[in-house]
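Across the two complexes that follow, chain A remains constant while its partner is chain B and subsequently chain C.
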Partner chain A sequence: MSTASELTTGDRILRAVSAVAGFLPGGIVGFFAVVMILTAIPAIAFSGLNFFTGTTFTLGNLYAVTTITHNGVTAPHGAAYGALTFIVGTFATSIFALVLAIPVSVGGVLMLTEWVPRRLQNTLAVFLELLAGIPSVVFGLWGIVVFGPIMAQHVYPALTSIGNVIPWFKGPVGAGEGLLTASLVLGIMVIPIIASTTRELLRGVPVLAKEGAIALGMTRYETTRVVTLPYIRTGILAASLLGWGRALGETIAVLIVSGNALNVLPHNIYSPTSTIASTIAALLDAALTDFTGSAVHALAYLGLLLLVISLLTNFAGRLVIKRVSTGALPVGRGI
Partner chain B sequence: MSAGYLSVPAGAVHQQELSTDTAIRVNDLSVLVGQKALVDNVSLTFPHKRITAIVGPTGSGKTTVLRAINRMHDHTPGFSVKGDVTIGDIDVYSPDANLRVLRRRVGMLFQRANPFPQSIQDNILIAPKAHGMVPKNGSRDLCESLLQEVGLWNAVKDRLGGSPFMLSGGQQQLLCLARMLALQPDVALLDEPTSALDPGTTEHIESLLKGLREKVTILIVTHNLAQALRISDEVVFLMAGKLVEHATANKFFHDAADERSREYVSGRIG
Partner chain C sequence: MASRQTFRQLRASLFWIFCGVALLIIIIPSIDIIVSILKAAIPVIKPDIFTKTTAQGGLQNAILGTVYLGVGVLLTAGTLGVLGGLYIAEFAPARLASVLRFFSEVLSGVPSIVIGYIGYVTLVAKGGLGWHYSLLGGVLALGALILPYIVKTTEVAFSGVPRTLREGATALGMSRVQTIRKVLLPPALPGIISGLIIALAISTGETAPLLFTAGFSDLNPSASLINSPVGYLTGVTYNDLQLPGGNYQALANAAAGVTIVIILLLIFGGRLVTARSRRLVARMDL
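Take a look at the complex of A and B:
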């Protein structure tokens, strides 16, 4: 430890700058949380538990002069803030997206690294990065103009036969804007995140570990299953959580392809839906014209909820990773 | 004669002539990385059910020769192998050689323990199961007998479902030995298997190897001349990718034919 007198001016500046930089992320999260909570408080008072159980979310009659007051908070006549539709939509689309993206990314990358020559691998990796760089509004446009209609005409009708086993797959399939289309588009957006991480993880699997299996006459498939996958399991979990975070918060692409359902829960996987993020974007313009100001509070409450969900999934993920990596896996310990 | 610090009696090794009962025949073997030869035109025979130590200074190609025998170089980008290796009726480098059968019959133990990231029991059973060698309801017995054989049973019998990475380095290497023996190999390729282990475990593994000689042809790469002296029947001495001398252990350590061998044994080179 050096005492203050030993420090040069440069040291002091560096120390100050690093202290600021070190506290900045925490500070920003804290500031966000405080502002969101303060802005959301009126909506929390107005809605109470109905926020989590109600499916009717309406800003009320913004042109009327009559207001209603509940728990001391005034809102336009007819206003109700029940967010269940959006909560369900957020979880459903993001989880379906992961169910699609995880096997495709992990399987695809495993196939690439095990069976494709190295030079071609690098070329294909460039495309993966390009996929990650496509703006989400482009995904949304493509989803509604090309992907959704094609799926609704040619693919979804075939899926309805699964409806005999899993009722959610029963038709009607609609025009291609809805839960499934949103999930598929989200899935495609999440693939680069999980795939590029998986690729890095595979490079980290010790050659010695794989040689143990090869030297016992095991096939590539067996080596992958017995050695490689267990080594990267924790990392894939972490990458999936990263992808889930992206899917939870993705706004504009979902807004375009989700069909924007208000006030109704999806009755099958083709139904229109809305997520928390897409709803905030869709309603913000109207909310700003609310003369009582309560619509903005309601949207802030939605924002707060999304923040909490994101943080909780993040913490839960860390917990899972910690538990998994202290088990049968060599991750994080010397071998 | 200059046996140097190793001028101790060679214990049980009294053989004077090289064994004529050949298990492995290596013919004009060269291993190349690009144009550079790591192993240069080596021809050798390894005796049946004996322990042959492969010794030599760092970079002499010991491990490279060993890994050529079960075709591990196939999996290293940039490596190419020329020449022939035959193990019994297996022509190792023939285009229609069955690698699965080859590696079932030729086991390998590495410098550092590399257990699978699976339970202790599965470490033993996965390979025999893959090769269809585990009788129905016999997996538990197989597991126990192999762990008994390597002297690990008492240490792990209460945690067969646990992680092998909780074991000590020496125990992990014993587990890998049991895993190798589970396939009942004819040949065992050992690549400095004790170089990372404590003297006690090293001694334990050496005594196991001496016992295994009854049923397995053993090739052991070692940096440790004293170890070669303790356990080997024959010694192969390589330098810079070329074969210098192949002799019985007794002869190599006490009356080597080549000047470089005598210098190596006495510690003046290497």
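Take a look at the complex of A and C:
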């Protein structure tokens, strides 16, 4: 709506005031980027690329008077900032989460739209909305009190038999806090994003093409496979990338159910683990007591890395959406 | 021929069985989460948890803190988000609009813990503004998180108003302010309000951005915007979950239960308004 018809003074004032608000998100993004980069610079100088290869992340002896200096940056004695375990944990949990969430969301929504009567459909769609609205701390609480223990007692032991084929499935299965539990909880959290988008996408599938397939004598399954799924494929990819971004950055639920492992790479899929996001939340308190201030910078390095990864997945998702540009635009944060 | 037919049917059945199981995997956890949390919470939720603070085994300070934060978020991000959405939908030239929309989407992709961290470094810490843990810090962190959502829902609400109405307003010689106030706002309002309600629901459930900006307090929130930490419901669940002892676990459950009830009420409220707005716009479209 940019027709240059004459604007009154009131119009101009409203335009100016709302323009400030319109530019605000961009301003905040720029501000965030500058703060993260500036705060991370000392840590980048201190750790360099060891950050990506080291598996030891320790703030050092925060009560010692001795310090170490590297590239002009001082840190407490014994401090080392290697983030490999968190990087592995972040990618492992979020990718496993997608492996669960994508087929479940697509399959579940297909079932919903193809077989469930319309009335019941709307009721069941409410569940998707509820799932999207549940706070992550509640997912964490449920994950550690209800879901984790049930899985560790009844499901994970059965999975260990796969260990003969894929060694990563070998036990011990632990108490239900770890990589697999975190991935499953994350998966459940991502489902609403992918499922609600899939539902919107299904509405856009041309009826004529489906009717044509049925007229050719195809079964409902064949119509779905030949007409529906190819039509919504790209949209699902976009939603999955956005869901991935959410899973990468999820903090509290993962922090509660991941078992919070420091400095140990997972040795099987039940092992305790940590993600970049959960580590920032877990260590910021302790980092504040670092008299050299370098721990806070190290966490900024972690935050910057997380920011870059999640923005990349987000961009990728938006790019794919632009290419399909159906009406079904998922919004960033669930719901 | 018969065997081929059986094969087709078998493959279809297997596919739909998979889909049915998938649907159950979506539905069962959402029911189980709500049921098991409420089941654990209901015995603990007694009238006195609304009158005692967390220090005394109640939730009063956390409920008040969550309300204060919510009001603060609506006043800041709510106002600015609605204005920003209005600008993108009604004033910005198409190219600029798509750039602004892009940045808003980028902001919505920033992980909440990163927002919390930045809030800590810039607002709370001595190196920044030095506000200490505070209501304003929490409001601004939550606001940054929720702003893109409000911008988006507002923009969608305005651009959903049928073109014929705008043309009519222009033909009558109405100014832009008049058009927006008298013609566009009434049909857009339900969409904007439901966006704000859902935004409030999202911010009620957040923990990560608040941990290091609002901090946490066992006392009722004071009147001061800065220098005084604020308790909130999700913080009770997160903190007390980690403490040993049945009382803490019970309080964690109670807080989670109250949070869920608040959020469910908000979501249903938002749905009601959305349904109303759909009917309204459908009636106007000529």
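The rule is simple: the second predicted complex is superposed on the first by the 303 of 335 C-alpha atoms of A that agree within 3 Å, B and C clash if a C-alpha of one lies under 4 Å from a C-alpha of the other, contacts with A are read in each partner's own complex, and residues count from 1 in each chain.
Heads up, the rule we're going with is that a contact is a pair of C-beta atoms (placed from the backbone, for glycine too) under 8 Å apart; a residue touches a chain by one contact, two chains touch by 3 or more.
Keep in mind that this is a model prediction, so the values were computed, not measured.
Participant: When the two structures are overlaid on chain A, which partner does A:252 contact: first (chain B), second (chain C), both, or neither?
Facilitator: Only chain C is touched by A:252; chain B is not.
Participant: With both complexes overlaid on chain A, does A:110 touch chain B (first), chain C (second), both or neither?
Facilitator: After superposing on A, A:110 lies in contact with chain C but is clear of chain B.
Participant: For A:226, decide between first (touching chain B), second (touching chain C), both and neither.
Facilitator: After superposing on A, A:226 lies in contact with chain B but is clear of chain C.
Participant: Using the touch definition from the top, say if A:306 reaches chain B (first), chain C (second), both or neither.
Facilitator: second
Participant: Is A:213 touching the first partner chain B, the second partner chain C, both, or neither of them?
Facilitator: first
Participant: For A:78, select first, second, both or neither according to whether it touches chain B, chain C, the two together, or no partner.
Facilitator: Touch status of A:78: no partner.
Participant: Just chain B (first), just chain C (second), both, or neither: which does A:281 touch?
Facilitator: second
Participant: Of chain B and chain C, which one touches more residues of chain A?
Facilitator: It is C that touches the greater number of chain A residues.
Participant: Could you say whether A:15 touches chain B, chain C, both of them, or neither, answering first, second, both or neither?
Facilitator: second
Participant: A:48 in the overlay: touching chain B, chain C, both, or neither? Say first, second, both or neither.
Facilitator: neither
Participant: If I apply the document's touch criterion, which positions on chain A are contacted by chain B in one structure and by chain C in the other?
Facilitator: 219, 222, 333, 335.
Participant: Which of the residues in chain C end up touching chain A in this complex?
Facilitator: Residues 8-9, 11-12, 15-16, 18-27, 29-34, 36-37, 40, 79-84, 86-94, 99-100, 102-118, 120-122, 125, 144-145, 147-149, 151-152, 166, 170, 175-177, 180, 198, 201-202, 204-208, 211-212, 234, 237-238, 241, 252-253, 256, 259-260, 263-264, 266-267, 271.
Participant: Where on chain B is chain A touching in the complex?
Facilitator: Contacts found on chain B: 70, 72, 75, 77, 99-104, 107-108, 110, 112-119, 126-127, 130-131, 162-163, 165, 172, 176, 179-180, 183.
Participant: Within their complex, state which residues of chain A touch chain B.
Facilitator: 118, 206, 208-209, 211-219, 222, 226-227, 230-231, 327-330, 333, 335
Participant: Once bound in the complex, which stretches of chain A touch chain C?
Facilitator: 1-2, 5, 7-8, 10-11, 14-15, 17-26, 28-29, 32, 35-36, 39, 103-112, 114-115, 124, 126-131, 133-142, 144-147, 188, 191, 195, 219-222, 224-225, 242, 245, 248-252, 256, 277, 280-281, 284, 288, 296, 299-300, 303, 306-307, 310-311, 313-315, 318, 331-335
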